[in-house]
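To start, the structure itself, in structure tokens.
As written, the chain order gives the labels A, B, C and D, with residue 1 at the start of each chain.
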Amino acid sequence: MIFFGSDNNSGAHPRILEALERANSSSFSSYGEDPFTEEAEKEFKKIFGPEAGIFPVFLGTGANVVGLKAMTAPYEAIICAESAHINTDECGAPESAIGCKLYTLPHEHGKITPEQCLPLLERRSAVTHSYPITLSITQSTEFGTLYTLEELKAFGEFCKRHELFLHMDGARICNAAAAMGLSPAALSTELGVDMLSFGGTKNGLLFGEAVITLNPRFKRALPYLRKQSCQLMSKMRFISAQFVEYLKDGLWRENALHANEMAALLRAELENLPGLTLTRPTQVNAVFARLPRKAIGELHKNFYFYIWDENDAPGGPKDWPEVRWMTSFNTSEDDVARFAGAIKKLAR
Amino acid sequence: MIFFGSDNNSGAHPRILEALERANSSSFSSYGEDPFTEEAEKEFKKIFGPEAGIFPVFLGTGANVVGLKAMTAPYEAIICAESAHINTDECGAPESAIGCKLYTLPHEHGKITPEQCLPLLERRSAVTHSYPITLSITQSTEFGTLYTLEELKAFGEFCKRHELFLHMDGARICNAAAAMGLSPAALSTELGVDMLSFGGTKNGLLFGEAVITLNPRFKRALPYLRKQSCQLMSKMRFISAQFVEYLKDGLWRENALHANEMAALLRAELENLPGLTLTRPTQVNAVFARLPRKAIGELHKNFYFYIWDENDAPGGPKDWPEVRWMTSFNTSEDDVARFAGAIKKLAR
Amino acid sequence: MIFFGSDNNSGAHPRILEALERANSSSFSSYGEDPFTEEAEKEFKKIFGPEAGIFPVFLGTGANVVGLKAMTAPYEAIICAESAHINTDECGAPESAIGCKLYTLPHEHGKITPEQCLPLLERRSAVTHSYPITLSITQSTEFGTLYTLEELKAFGEFCKRHELFLHMDGARICNAAAAMGLSPAALSTELGVDMLSFGGTKNGLLFGEAVITLNPRFKRALPYLRKQSCQLMSKMRFISAQFVEYLKDGLWRENALHANEMAALLRAELENLPGLTLTRPTQVNAVFARLPRKAIGELHKNFYFYIWDENDAPGGPKDWPEVRWMTSFNTSEDDVARFAGAIKKLAR
Amino acid sequence: MIFFGSDNNSGAHPRILEALERANSSSFSSYGEDPFTEEAEKEFKKIFGPEAGIFPVFLGTGANVVGLKAMTAPYEAIICAESAHINTDECGAPESAIGCKLYTLPHEHGKITPEQCLPLLERRSAVTHSYPITLSITQSTEFGTLYTLEELKAFGEFCKRHELFLHMDGARICNAAAAMGLSPAALSTELGVDMLSFGGTKNGLLFGEAVITLNPRFKRALPYLRKQSCQLMSKMRFISAQFVEYLKDGLWRENALHANEMAALLRAELENLPGLTLTRPTQVNAVFARLPRKAIGELHKNFYFYIWDENDAPGGPKDWPEVRWMTSFNTSEDDVARFAGAIKKLAR
């Protein structure tokens, strides 16, 4: 079985495992009072700036919940795309943990625009509506697409002008930064992002994400919210040591570039095939496609991946569900070649 | 100023005030251990059946929150129309009080169909999605329309078949029952509704609604949820006495019929006017229309009502917002005549 | 049956009912945009100062929840007496609505001291503990006792020095102010109270309390929290009109003084009776006592009151539960005479 | 620096790290659909029985929150010792996540009795009180003590008789089982425990705990609550593989026995020292003591441990805080010898 199901099908990068072993050399103080956490903070601040607040957590849903809870009161609302992970993949964790409402917007390949948000701000005029205070965007998106730097700047300015807090779900921000040839800070600190969920799990960590607070007003609440939200690891050094290894000399970029390249390679093989429609741009590490259900069944014998949308595209061929194929830091050229080969065989 | 803003612009029916005076004759035990509450329970059970659980509360949002919280866990979801009061007019109270998610559906004049709900049930297959367990419909709807008895039966059967709990926001169920010539039980008990928010405030009470539990499994939680949700009145007899008066000989129907008739009268006057578009069917006590903003401004000098939608209808005339005109038990024929006269004068 | 169960056994003062009738003279705008609410605000500000934020709500638990939720984040804690209404009589509403923790302190007749709070502040040093941010005291207390002005001042200073918000549950603040010969502002505004639950129901209103915000930082959240917490009455004028009547020429004080006097009268009759122990000071409108269960049973035939504590006092006589006898604005001298007579007869 | 601060100062047992390496051999399906999780389930069921529901999570607070949330509604209460981790060390996570109330009881060295719980059940009679539905005990306790099997049986019977759900915080259940020479099932499944937090982190895992559901009624909610509470690891195999190694041939017992022995060794060295008071029984892996603050300061130069209680014992020597010394699977006899030597030198 070869895995294209998700970038979390992969394990940990070998260097990450070695870092865990080193962190296991002796006992250390718990809850972050250890040298690995100190070093991780330094590495993070090299990237995000000295004022950034750094809060490693276990997982992406946890990072989102902790960050959003610091910004949003129960009577307030978070604006996001209908396709946002916080709306579709967290079993209602934001509503449950915060008590707030999500105002969702239709998206184009996972992307929304400031203009779409504007009418929602009219809801600020009456107490019958939850007050929109936070805007959450995902970079790269759940559909493997990217906001351009211009688009991100526009969000930063929009939020400042309208007194919205800007949250970025960066579960795959490394894939984005690698694809754009930029630092993660260029996509966050420099644009006025207030809170970032910085992903690690999907890009080579055994586990671990970090809430990065870029607005000092949220620094006081974060340590408590991390603890209360079940995201404070007692043996913290084991997240921190992974991040040190990940950040110190660009392993994050190396892994992300590789994953992105494997997706590009796969896509290149599949362009213009007759029995297949590519449904989304491939800008990072995902290829979305529609193909006959029967072909999907054949592929599933040797390749692991998800059906993303069971329904047919309006006006499209019958019984061609949409599938998602994701690559990871450990996807090999050979994996791609075999998979592309199998698809091509079926598509013809 | 003549009021067509909402049926809660009206006060209390004179008989209701008299009932309050009678209940004020002496001291009584608190928290529902009083003869008025006993009598109110009897009157409610005459209508909804002997198994109904009766829980008077202060207001409609409270009734909805208490009832929905008994049916829905934080990891579950409530299906409702985008236009549902619980979605648009309660400042996120369901999300905040329950922690659950709302799955909202596009509507036609406030109405949804079981067919629309069906795809949402696919979300039951994965823990990433909040599990849809409750379906909430409003009768009469927020747009002054009615589900037919057949449509309601279909919801009852759909919910039974798919193990959904059926909630009815009946803030205006009396207007519906009156318009349909039915008992409120025909719209709830007899159809398999599990939980009903039974409205009083908008139809002649000084204040007061009741959560009616028609599914015995929820009876245990209700008293606690009413208390915890700040809906247990210490001087309970003052809600109960109003309901006794409202229910015992059909004041509810009388008030609702009158309100409905006044809306019908208003609508009849406005059909086929050139400078006005009637935008929704008038089946109970509301008339929705679009007309030029300037005309609205003129009308606002003497008549109180809300602009419902500031935006123009797609393809419609420019700067014709949608307005809502509601009638109540205390709207007089003269009120309607004056208002219709003023509108007609402007519309020509 | 004569009622000494609670001051909420009483109904509404006749002037309050008349005020409701006047407010029922015609239709009015909803949600507080009416002349009664405007007038009520003026009356409240005459008492609490021009900067006070005024938010009428339905009931005491609602007032406490709304006020405390504005001040306390889910990761923070509220310090209060074990006997506080928010801890013992609200079915966990603060924990449920806010998600926060209560740190409770042993009390003397319902009263706590700043010194007792001091050790709790040490919990601020670690994220494992909810951060104590709010201190809630009740004036007059659940045991019918009073903090002196000096004691209240000490709380104000303590809270300022330790960056705690000071909340006052004033469900019976009128009884306190009347007993102390002071304005309610002398017990709140002038002492640095940040948030006050101002009671009406227990002192002659049909229903209605008000959240009084004395710290401007909380003004923004209050309207939303009131709505979301199911405490925004659509026909608001019916709370407001009661408050106008209650406040404009001292009805609140008149009612409270009478209730207090009736309790003093009852107590005076019962001092030094052999078969009865008076267990708490009587400083407002409550008398607490222990007497044989058999005597309680006899009294219950004609008088309504609660057993407060089923257990015997340590070292006290066997099977002498503690009872609470409360007087109200409508308790008559004759009521007291009959009750005292019956008690004396049994006690001898 | 030698670490006696907590059993979470230790790292992972070498066999655990090797298990992680093996689980990293290739890609696998996410969210528990992998062979490691299947095997872990089998190992768990060998211990806890075939009906047990197995839900690995990240950390102890997460295990407690998920398990307790399945058992307790927001209007209900959890009975526990004042010293319970859920009350003192989770930053209010239970209140925040569940919305419920904790009813806390004074304890003796961390232990409570069914008799103490009995009066709390009287609170079931009124809706003003949160309804006690869950009883949570910790085995071994936060003070390193053990409930005897008889005591645990009494809890099981008490809960059955009074319709309480029994929750066991077993963050250190392995230390308890090892000390008692029993299986973890003898302390849970066989006694009627409904929900167990089964600890791993403190006894040799890199991270990981498991919610064990022993009452089938809670099985439906658990997967959703785990996800919503941010406790569903995408790369689940990395928790599961640790548990396989931990459970398959008794590593859990070996580690726990060693930790317990090291504490016994330390204690044996310290009995009857003049300048030191041992304050709690040592039944698993903790030694609690009081000694002069100056001595503590000296010890802190080379040994890491916490001051547990800054205050002096009533009637005890001045400025002798209570300290906690915990041993772990990786504490060596040499560590103990050095530490005991240093203490003895100071104590004399």
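Following the convention adopted for this analysis, a residue touches a chain if its C-beta (ideal position, glycine included) is under 8 Å from a C-beta of that chain, and two chains touch if they have at least 3 such contacts.
All values reported here derive from a predicted model rather than from experimental measurement.
**Q** Return the chain pair with more inter-chain C-beta contacts, choosing between C-D and A-D.
**A** It is A-D, judged by the count of C-beta pairs in contact.
**Q** Relative to chain D, which chain's C-alpha centre is the most remote?
**A** B
**Q** Starting from the mean Cα coordinates of chain C and chain D, work out the distance between those two points in Å.
**A** Chain centres of chain C and chain D, defined by C-alpha means, are spaced 41 Å apart.
**Q** Using the average of all C-alpha atoms in each chain as its centre, how far is it in Å between chain B and chain D?
**A** Result: the chain centres lie 50 Å from each other.
**Q** State, to the nearest whole Å, the distance from the C-alpha centre of chain A to the C-alpha centre of chain D.
**A** 34
**Q** Two or more other chains in contact with one residue: find those residues in chain B.
**A** Only 74-75, 90-92, 96-97, 99, 127-128, 130, 224, 227-228, 232 qualify.
**Q** Going by the contact rule set out above, which residues of chain A touch chain C in the complex?
**A** Those in contact with chain C are residues 69, 73-76, 99, 127-128, 130-131, 221, 223-228, 232.
**Q** Help me check something: in the complex, which residues belonging to chain C touch chain B?
**A** It comes out as residues 2-3, 5-6, 8-12, 17, 20-21, 23-30, 58-62, 65, 90-93, 96-97, 201-202, 206-207, 224, 227-235, 238, 304, 328, 330.
**Q** Where on chain A does chain B make contact in their complex?
**A** On the chain A side, the touching residues are 74-75, 77, 88-92, 95-97, 99-101, 122, 127-130, 310-311.
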